[in-house]
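What follows is a pair of complexes built around subunit A, which joins subunit B in one and subunit C in the other.
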Partner chain A sequence: MGTTASQLDKGMLSEYQELTFLTKQEILLAYKRFSELLPKEETNGLSYRIPMNAILELPELKTNPFNKRICMVFSTSDSHDGSLSFDDFLDLLSAFSDSATLEIKSHYAFRIFDFDDDGTLGRQDLEKLVNCLTGGTVDTSLTPEEMKQLIDNILEESDIDKDGTVNLSEFQHVISRSPDFVS
Partner chain B sequence: MSLVTPPVDGSRSSSAARRHRSVRKSSRRIFSSYQDHQQGSSDDEDKEERVDSNDPEELFQNIQFQKEIIANIRSRPWPMRRKLKVLKQAREIVLKYEGRLTRTRGYQTAGADLLKKISRLLYNVVVLFIPWEVRIKKIESHFGSGVASYFIFLRWLFGINIVLTIMTGAFVVLPELLAGAPFGTTRSKTIPKEHMASAQDLDTIWSLGGYLQYSVLFYGYYGRVRKIGSAGYRLPLAYFLVGMAVFAYSFIILLRKMARNSRLSLASASDENFTFCWRVFCAWDYLIGNPEAAESKGAAIVNNIREAIVEEQQKKRETSLAVLISLRILANILVLLSLAGSIYIIYFVVDRSQKLEQEKPELTLWEKNEVSVVVSLITMIAPSAFELVAQLEMYHPRTSLRFQLARVLVLYLGNLYSLIIALLDKVNIMSSSIPWVTSPIVCLQLPPSLSNWSDSSSFLMAAFEKTNRSQQDQCWETYVGQEMLKLSIIDMIFTVASILLIDFIRGLVVRYLSDCCCWDLESKFPEYGEFKIAENVLHLIYNQGMIWMGAFFSPCLPAFNVLKLIGLMYLRSWAVLTCNVPHQQVFRASRSNNFYLAMLLFMLFLCMLPTIFAIARYKPSQHCGPFSGQEKIYDIISETVASDFPLWFSKVMSYVSSPVVVLPAVLLLFMLIYYLQAIARSLKFTNNQLRLQLQTVRFSRECLESVSRCSSLFFHRN
Partner chain C sequence: MTSELQRQHLRGEYDNVAGDGYPGDHHSLRLRRLPSQMSIHDLPHYNPSLSDAGDSEAGDHGQPRDLRSLPLPMAIKKAKLKSRGIQVPVLSKVELWKQEKLKKLRKFQTQAREFLYFLVLWGKTIQKIGGNFGGGVKSYFLFLRFLVVLNFLSFLLIAGFVIIPSLVFRQVGTSFMNSTGNERCTIYEPNPPGLVVFYNFFLDLLSGTGFMEYSFMFYGYYNNTMVGNSSFSYKIPLAYLFTAVFYFAFCLICIIARMGSAARVAVATGGSTVVNYSMIVFNGWNFGCLGETATKLKQKNLLYRLQVDLEEESLKKRAASLTLLKKFGLHSLRLLMALLVLGLNIAAFYGIYYATTYSQEQQNKRVNKESDGVQDLFFEYLPSIVISVANFLVPLLCDQIAKVEHYSPSITVIVALLRAVVLRFVGLGVLLFTLWNQITCTGNMDDAKCKECSYNYASYACWETRVGQEMYKLTLFDLLINIAVLVLVEFPRRMVVDNWSSKVSQMVGRQEFVVSSNVLGLVYSQTVVWTGALFCPLLPLINTVKFVILFYCKKITLFSNCRPPQKTFRSTTSAFFFLVVLLLGWMLASVVMIYSIAVIHPSRGCGPFRFSDNMWSIIPTSFYNLSAATQEFLFFIGSQAFTIPLFSLSGLVMCYVIALFSIYGKSVGLLRLQLKRENRDKQFLVKQIEELSR
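The block that comes next holds the complex of A and B.
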């Protein structure tokens, strides 16, 4: 690895280019940002896991209402604590990059919205989703009647097999028809 | 979760694979690479395959399959560790078996590898050259993707204009500069004597006369010699072809982008409307990076959702219906009046400038630039006027935005068209006026009163020069080019002035005077301005329309537009970051929106028509330009075909362009269009059928389950 933590191995760099949608400059920039978050004594950036609260300090993620879910989804740690290694960080950036395909984006979006990790978007998931979007305060969140109306409408529009939940294919079907999602 | 491959499916399909391996191997393998849950099975299979296959063709197929996995691996939603493992596996197999390939296959694979490496390198390099990326990303993080879409559109137009500049520059301007007759040699390239004295005045330069008029900027400068330079470059032919190619290229690239966008979104393919799902799933703009924008975005989403619910429940507004309708009718009448008024004003002004030119020899600065100033003033003021009027109508904001866009578009089109019609009227007069060749003859018959021979000769010279001047001035193409360029320049000046005066001063006033004023300037009138996306995009489209209209008559117009767009980009991005705040009410303007592209296409079509009309209808000027002396501008093509191509070619061309061939071709196209529409209709119908089928399958599955449960209960009890 070398003495400085800011150098990425060339072999790894070409591997990462192969495996993600990022260009070489973007990967190097990501490594720089990642190593800024590392504690001072840690020299090997590739294997260290940054805890979730440090990741959430990044300005891009701070204001995002789904930041915790994003960390949980992309984290591959065994303890499910939302910590990200550099590999996970690159996965995150790749999924959100401009050149990522619609399938990747919709797949990860589904997982982010699936709050209870059961593989489908049920009523609780949708409720939590809307509450995240509208912010947590009392005056911005919806009343229970509005919430019920909204979720009924969503399920009516997207639930094709009428089982009361939105599964991955139904979600992808809806998303692929939207002109706004890809951006 | 889909991370864990369901073992039941995996084992079932691997046994099936073992059974059918010898029969449908390759097709199933290619198919299975796009199936997530088959991956576990194909892993197992690979280990078996490694032992068996010795057949070189199979080997090659296997290697191709592995390479496909490698190429597509980034599209899999797996964590990095798994992707690395699969990648290593696939690479191992490729390395192991590549040595066993025959030589031709070996070269093939080596070539493909090299190509891949080069394309990746190229991609890394090309990304560096995308201009203004950092700037646009910064704007995106502050204002969201709506505002950034304006700048991305501007950048795309900049790309198109660069290509147009290269086309006109390389094929028309440069040859004329390098190999054409230099300035001052031919009649069309010299400034006439009476204009020589004033040729360097600021006045003349401003109205694009003098040295600018007799330069490569305009049509009149280009020589009519068929072949120039040592290589025999056919300039007139090139001029005509490049003029047509400008339009063709613009059409192609616009249609290609629209097709790509509609493939991405698939929204136009079906009329399904998932309003609620989209509002919730696609609501968050992941590009926002600062808290202020995030807050306003959050508030906007809440409003959005609430209004959707309200619409669904169909609550009506409380204003009385009669008042509302009468107000709306009034507003529409006002708008129509102003549109008609603006068209009339422009026509009147152009007419007046023609008359003034004929009556007075010297025009004031205002009179010379009247036309362009009036047009630009109208384009600045009218949209704001329309917005004020729209407040009378009390529509939903999204509907009123659409009305506003439609009205502004009609205004721009009306302006451009009335301008070009007025210009073409003048062109008609200029090109059909009889050249004053009879004048020297008339002078020769004057004799008796003139005693001094030198007197008469000088009189003759003066008469001859006057003929020349009137003939030289009869260069209508240069005149059209000049007007378009003038319009473009003045439009730029007005845009810059409006940004600085309106947005910047407004920002300064609100910021610094809010302390002295009695009410809070920042939250009530006048407030900081918001960036009006739709109107600015329309203005860009209008600008591009001007360029397309004038490109044939002024080959350097695209180059000027390139500089204009660069300046506009820097000025607007600075203005947006300094003087504007994020929108309170956010309405969708995403990148892949085909609406603006459709309007651009419409504008392109309409702006191409006047050029085509002028080419087909008017005789080119007798004494200037590359087509002087011909009956029609497009005669150059038939002349070239007749003289430079072999005889059979011109016979073939005359057959092809006769009605015998053209009419059946048009008929065939119509039939094709009808056929494709019929296919689209039937596909939509099939889509609906499949959806119903899904529901019935689920329903029947549930029935079966309940029946089996009942029967098991029944048997169990027994």
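The block that comes next holds the complex of A and C.
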């Protein structure tokens, strides 16, 4: 336990405190959970990248329908394989924390929903999103007619410039009128 | 060339991201202006520093910017932090010093926030509840916590100004003896002579009689002691009155302060109760830390909800094309159902009226004021029992009636809530009205019973204490019923559903935590406490203890017995709604208080106001004891020369605020239009470029 705590010295701790929405205790706890996932021989936890399937073993993320997208969005690895370093992990926790601003949450939520990474939420993205929310298997999803009706309604409500997709500004506009998003 | 331009156009979509995750580059720092400006007016947490993001290389403007609100990967944030540190700012000494102070202040703020986080009552528990059961259930517990704190603070207020001085000055002070006329009315014997059976202690505890009646609990114990010497004087009656008034004002201020923050959010978002599809879909993402079963449940709930809403929409389209005859039939059916509900309510009110009258008669008949066992206890609690039964049965029946009425789901919820609110408040009003009837012989001062002492002395030697006792009984019964339901209904239900799988148990299912009826129960108890606080000063303390017990009971039942809610309750607009209903309860209680202070004659045999015609008259008499300068000042404040300018000034301020509000609303609309136009321009330009490059 002594070695893990000493890897995070005071300077780095205060730096992380300034750059994220987490408190000191939360950052230390995050480091503890992160180092539990490290392989035994790795001593420097701060530079190692944990592969995606190890992250998905965390009980909080295991059953979350968006777990893969979350890993992909927060990962800064060059190979786009969804692996997270400790910095990425802290970014993830900061965006999901209670004190994060609406703008941060909406920004990351938009990226998580953007399944094809093209910068907007098109019909396929919305369809995949609804399937994730409702379960995705055959008996827990909407019929094709219901899906079409739902996506038509969503686009009618949120697509202000009527280009058939929801871009970031339109998404943030819809979200800003619904403060339940942050809670 | 075209493809290059198109790629840049696509990159431009991601205006505020610079990162390795995108097939883009790091240009976008300057382009970040666009979305931040869009979000100025409609985000509750607008960060002014973001609009300066493009100038970060141009040097510090003397304000440390909040780096953590930038949606960038950690590596880039660290680089920015470093670059900011390396920059040699060309600032004067004063600005440097200001910057240092600001940095220290922010550090102190973060540390204070972390420290306060531990002090907040039940913070962790409520967070856990929110994570597992959603915002609606969490808002109930937040509301409960607010009420606990409110009651505790009001108890401190009352204790400080009324109870402790009464305790201290009881022996020291002088009681003002002023016997005017009728000796008979001043006899008050709370403690009957003779032997008392042993179980009477327990019965007295439950009904507030016996040893409890003549104690600090109730109004009757306080004397009109006045302590005074040249430097310090303290009049208990005056203190009692002022404390009661101030207690109400304090509660009002707390409620309005809390409403202010909730209202700001509700107004900014348009406060629409109709939930549309985008909201459901975009807000459903937060699965929290749920386990596997809970996640599957939540998914099922979302599916169910989407299907129901889609079906409702297609039904609405069909309903719009109904023939005139069918519409007429539907409306007349609704009218009939409304009349039926009204009839049910009136039946409930009559029940309460008769129960209260009967109970009061039984209590007044008791010889020697001794409790004759459990039967008497039952009669004493009869009004509470009838009220609880009515509050349980009538909403249940109204739910069944609502199924026939075929309103859309959102309207059904609102209508059900309104009906429940009306039932609870009018029920309580009927109880108070019945008591008033009994005490003042229906306001008729020439009635035989009331002529002598200007209130019904024969039945109520000390009517304030009696009213206090009724409120105390209501509070206690409410707590007992909650615990009884918990033990006798919810735990067995869970055990039956879990261990015995049959069609019936599948249909009934696990308990669901219904937020609205629980909140109405809280509001009802708080209204009872407010009504009774004038007559039973210790009631806020009892209520604090009661709410704390209730918190833990509800928490236990939530985690052991309940399943996640079917319909997500909108937590933010509902928080505002709870406070509005609480305010209604406050108004009911204040009407009662004002009426008792100003109109009804206080008991002649007990209490600090026994020698006045009404409670309020103590104020004019003490007023003339003040110094002449103070009197003139107070007269001036009450005169027209002061109040008319004050009113006109506040009217002006209100007009200004309303104008500001409408301007902001209009700018939101204008910005939306601008967004539309800009995108059209962009598409037009891209088409032009394509044509030109061909």
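The rule we apply is simple: the second predicted complex is superposed on the first by the 176 of 183 C-alpha atoms of A that agree within 3 Å, B and C clash if a C-alpha of one lies under 4 Å from a C-alpha of the other, contacts with A are read in each partner's own complex, and residues count from 1 in each chain.
The definition used in the following text is that a contact is a pair of C-beta atoms (placed from the backbone, for glycine too) under 8 Å apart; a residue touches a chain by one contact, two chains touch by 3 or more.
Just so it is clear, the structure is predicted and the values come from calculations on it, not from any experiment.
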| item | value |
| --- | --- |
| Touched partner set for A:Ile104, first subunit B, second subunit C, both or neither | both |
| Subunit B versus subunit C as contact partner of A:Ile112, first or second or both or neither | second |
| First, second, both or neither for A:Asp78, with subunit B first and subunit C second | second |
| Overlapping contact positions on subunit A, where the subunit C interface meets the subunit B interface | 15, 17-21, 23-25, 59-60, 62-66, 76, 87-88, 90-91, 94-95, 101-104, 107-109, 111, 113, 117, 119, 126, 129-130, 133-135, 140-142, 146, 149-150, 153-154, 157-158, 160-163, 168, 171, 174-181, 183 |
| Residues of subunit A that touch subunit B when the two form their complex | 15, 17-21, 23-25, 59-60, 62-66, 74, 76, 87-88, 90-91, 94-96, 101-104, 107-109, 111, 113, 117, 119, 126, 129-130, 133-135, 140-142, 146, 149-150, 153-154, 157-158, 160-163, 168, 171, 174-183 |
| Complex interface listing, subunit C residues touching subunit A | 10, 13-17, 19-22, 34-35, 38-39, 42-45, 47, 50, 67-69, 71, 73-75, 77-78, 81, 110, 113-114, 117, 127, 130, 135, 138, 265, 269-270, 276-279, 281-285, 287, 289-292, 295-296, 299-300, 302-303, 306-307, 310, 313-314, 570-572, 672, 675-676, 678-680, 683 |
| Touching residues on subunit A, where the partner in the complex is subunit C | 15, 17-21, 23-25, 59-60, 62-66, 72-73, 75-76, 78, 80, 87-88, 90-91, 94-95, 98, 101-104, 107-109, 111-113, 117-120, 126, 129-130, 133-135, 140-142, 146, 149-150, 153-154, 157-158, 160-163, 167-181, 183 |
| Subunit A-facing residues of subunit B, complex | 1-2, 70, 73-77, 79-81, 83-84, 87, 120, 123-124, 127-128, 141, 145, 149, 264-267, 270, 272, 274-278, 280-284, 286, 288-291, 293-294, 298-299, 301-302, 305-306, 308-309, 312-313, 588, 590-594, 691, 694-695, 697-698 |
